[in-house]
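Chain nomenclature is as follows: A, B, C and D, assigned in order of appearance, with residue numbering initiated at 1 for each chain independently.
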Amino acid sequence: MNIDNIKKQFPIFDNKVQNNDLVYLDSANSSQKPKVVVDRIYDFYTKEFSNVGRSVHYLAVAATNLYENTRVMVQKYINASDPNEIVFTKGATEAINLVANTFGQKFLQEGDEILLTELEHHSNYVPWHYLRRSKGIKIKFAEFNSDGEVTLESIEKNITPKTKMIAITHLSNVTGAILPIKEITKLAHSKNIPILVDGCQGAPHLKLDMQDIDCDFYAISCHKMYGPTGLGVLYAKKKWLDALPPYQGGGGMIREVKKEGITFGDLPNKYEAGTMATAQVIAFGESIKFLNKIGIENIEAHESQLTQYGEEVLRKNNSVKLIGSPKNKGSVLSFTLDGIHAHDIATILDEDGVAIRAGHHCCQILHDKLGLSATARASLGVYNTKDDIDKLNESLNKCKKIFDR
Amino acid sequence: MNIDNIKKQFPIFDNKVQNNDLVYLDSANSSQKPKVVVDRIYDFYTKEFSNVGRSVHYLAVAATNLYENTRVMVQKYINASDPNEIVFTKGATEAINLVANTFGQKFLQEGDEILLTELEHHSNYVPWHYLRRSKGIKIKFAEFNSDGEVTLESIEKNITPKTKMIAITHLSNVTGAILPIKEITKLAHSKNIPILVDGCQGAPHLKLDMQDIDCDFYAISCHKMYGPTGLGVLYAKKKWLDALPPYQGGGGMIREVKKEGITFGDLPNKYEAGTMATAQVIAFGESIKFLNKIGIENIEAHESQLTQYGEEVLRKNNSVKLIGSPKNKGSVLSFTLDGIHAHDIATILDEDGVAIRAGHHCCQILHDKLGLSATARASLGVYNTKDDIDKLNESLNKCKKIFDR
Amino acid sequence: MELKELYQEIILDHGKNPRNLKKSDNFNKDAAGHNPLCGDKVHVFLKVDENNKISDIAFEGSGCAISMASASIMTDLMKEKKEVEVKELVDDFLEMIKKNPELKSKILAEDEKTKLMSLSGVKKYPMRVKCATMAWHTLTSAMKNSNTEKSD
Amino acid sequence: MELKELYQEIILDHGKNPRNLKKSDNFNKDAAGHNPLCGDKVHVFLKVDENNKISDIAFEGSGCAISMASASIMTDLMKEKKEVEVKELVDDFLEMIKKNPELKSKILAEDEKTKLMSLSGVKKYPMRVKCATMAWHTLTSAMKNSNTEKSD
């Protein structure tokens, strides 16, 4: 795989940012978009636009087919067993809210427990917190160890007869730990507990096979997966989508509407109320094609090499302290720099065109436990190179120089 | 205003659809997009892309500014008193769900009543229906008259001391009736009842002034307003956004997150959980600019002329029966054709490149009352011309010919 | 012109004057079908005798010419058919609408086949396929005596 | 290089060794401020005497060099200021950070002004403006003795 060629497929790198080449190390936040995806949006709006599913004229039929084809492409990409197990949402956050809300409505009672981990992003905590208030459920947090990992044992220890759902991240957006979700799912199912995987960081970087993992729910954020903003995917086993009540109500998801009552439509309409993000869905089809063309195995190999290189380089830099050292680590490098706050680092790096993120990365519980109010995070995508890591390191040394005056 | 020039700003009309010029009469479903909007999306993704509000690097700062500028542009366009009264959602459907859900949680009890009208789109009924199930509230429907209008009197008649919310459409997507929402709001407020206006059909066609109308909530669907798919706007008075609980939970909308509890952020973040539809919001800024450039008064005048012309032409066609004849009518022409089902009409028209919608248009209650399972609907946008109406009429005559063999 | 293939005279005839369109009260199986997108409805009523044969069939409903013609032609053809034959005919019809160029079943006479093939024009109109197939799916449900409506 | 303007020596000095960073238990007004985006926190403690004068001021918190320096410099300057003066200085500072090229208030001595103007470098870094202003907003809250935290 020639990585230069891949970078060329992303128009953002053709331009300078503040007179610098862009060193984009913020892909865990949101990835850049390949030209094919942006072109698809352009062409759809300028040549083919129509609303989906609602009219019978030519453009509407064509748009509906494109939309539904993408559902099938996503199904195949994550190896779900049925296209109707793919629900398009406005983001991973909505996907998790959808599950928490509908599962809570139907299956949770006071005293029931939801098991999360201390690694969770706020998006996989706040929706469950709502059920604490409305239903009186309890939330438990499986601990992470000194390497920034959550082990199977840590999960097992926290399961009780009251545990009704396990909701965990696939890949920590701070420590980079890849959780053993297949094993955790097996454990959960052995105790009849369904499992939701927050796949925001997993989906862009790891080969996905829903039937192999066997999880009940998997949430994906398309904008982190080389796709457009404003779109997410909820994978859910059909039995759940059949069993759970609908989430938002509106056009397109009903069967029959009378003044006295309403019956709801079948899958996939039941969970897609109102006009959907048609253009985004269709463009996301191109993201899938883009990923397939490179091959997720090649992406995994490239990113894993790069992550290792990044760890090496930063370990050699004595001022840098890496956050977490999980054995199985994804494309995330979080760190602190002696005596310099993450915000100051980010500002100084930015001056060199090096874009990283600073803050708690929506993981306050993790940061509280580490006693840090903020960390700096460099995160990788398919377009990154060793050169990017070297530039990061150079800029970090510059931070030192500025602060050591 | 030179309407030819406006049509030229929409690239979709440059291409033939199935060898025909496109006669697009389905704008109430979704409008076509001017080039400026599509270009903005392209440029944003290829030159400026970054996630909003979360990082401090250059691209993130620039994107955040663009995003927040659009909020101000929307505020000004609808004359809201504060940019924080503008919440971006994934669509009007979500906007209404947000209000029904949070208002229901906080302010509704068993036996309370919500007053809708028989004209409502399913998106302004299903979310309230959920509260019927979960809270035991009652839903009442103000009737429409033989002209397809809902009058102030019809609303007044249905208000009781138990009425806790009035939720009504601004402009019916079937009869085209423009409701006297300012008067209805005054009436509602005189009885201390808040009011939600479903502005999906109002916003693209009518001059909006939130401070003048004085409604509490107004829902907008951006894709019907020459903007991108996957985006809506909820206008809500600040006092409500402050008083209501948050809706979806996730990143970006919190203040502080601890294992034991969570505090929520201030406006505008409180209702914007997770990564938002950044590109779409920024592009919607161009829709607003586009509308401002033409001037909504000019659009109103043009569309009103065209609607009148359409009514005349269709009235002269003896086989056509118009649905509703409201005195104050927006850009919607719904009709039936003697002995020919709406679906058959739509298919035959489509063969001539005339795109209309057939069905119940997500208004089953209205259709039930009229004793019709489906109607045909031609709806207008800023790019339509008298020629389009003439072509519609010609094609309708062709339907007759085919069916009268 | 393809429209002529879609709206053949036989379709228009059955569409305007559907056969067996009546509420039968002498039935022992029934099912309702509904296309939520367009509001089309069909309710199929069957009398199935002790030999598993359809001794009477009728339908109620409203919809476009295609859906009415399809229900009309279907009910005509299904009279006096045995359960296995019904299944074979339904499958054959659905396969034809989806992909096969012709009907394969040997159960029907040539003129009956011609009548049924008049519905093949919808193949070129993907959004209209459901109009043609709704009655057939509903018949299958009725044979199982399971009502396809779901309640909330 | 603009970074040198942002990270002036005086900022680095105050950022690394913030003055008045301690928990004061001899206070009668306080408020906490928080930037939920980055997690920066500041808690301002005041002792306001019977003449509405700040007789003691301290803060606790953690954050970037800018926010720490800003709190440090602010607390230094506010000592012995009267309520009206505090208000004037806060407004003046916020206006300067937002748009004015200079501080306008006559309350401060020239060297105090210079110290405060060292924070003006953030003007070119819009995302960092909040870092510089958080302590000042929190001080205003503390003067009103209203805690800015909201609970759910």
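Criterion: a contact is a pair of C-beta atoms (placed from the backbone, for glycine too) under 8 Å apart; a residue touches a chain by one contact, two chains touch by 3 or more.
These numbers were taken from a predicted model, which means no experiment stands behind them.
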item: Centroid comparison with chain C (C-alpha atoms), farthest chain; value: D
item: Between A-D and B-D, the pair joined by more C-beta contacts; value: A-D
item: Centroid distance [mean C-alpha coordinates] between chain D and chain B, Å; value: 46
item: Chain centre separation (chain A, chain D; CA means) in Å; value: 38
item: Intercentroid distance (Cα basis), chain B paired with chain A, Å; value: 31
item: Inter-centroid spacing, chain D versus chain C (mean Cα positions, whole Å); value: 78
item: Sites on chain A at which at least two other chains make contact; value: 54, 56, 60, 254, 256, 261-262, 343, 347, 358-359, 364
item: Chain D residues counted as touching two or more neighbouring chains; value: 37, 125, 127-128, 152
item: Complex contact set, residues of chain B against chain C; value: 133, 339-344, 347-348, 351, 358-360, 364, 367, 373-374, 402-403, 405
item: Touching residues (chain side chain A, partner chain C) in the complex; value: 53-54, 56, 60-61, 64-65, 254-256, 261-265, 269
item: Chain C to chain B touching residues, read off their complex; value: 1-4, 6-7, 9, 12, 16, 37-41, 62-66, 68, 125, 127-128, 131, 152
item: Chain A contact footprint on chain C (complex, rising order); value: 34, 36-37, 125-128, 149-152
item: Complex contact set, residues of chain A against chain B; value: 11-12, 14-15, 17-18, 22, 26, 29-30, 32-33, 35, 37-38, 41-42, 45-51, 54-60, 90-94, 96-97, 105, 121-123, 125-127, 129-130, 134, 139, 141, 221, 223, 228-231, 248-254, 256-259, 261-262, 273-280, 343, 346-347, 349-350, 353-359, 362, 364-365, 368
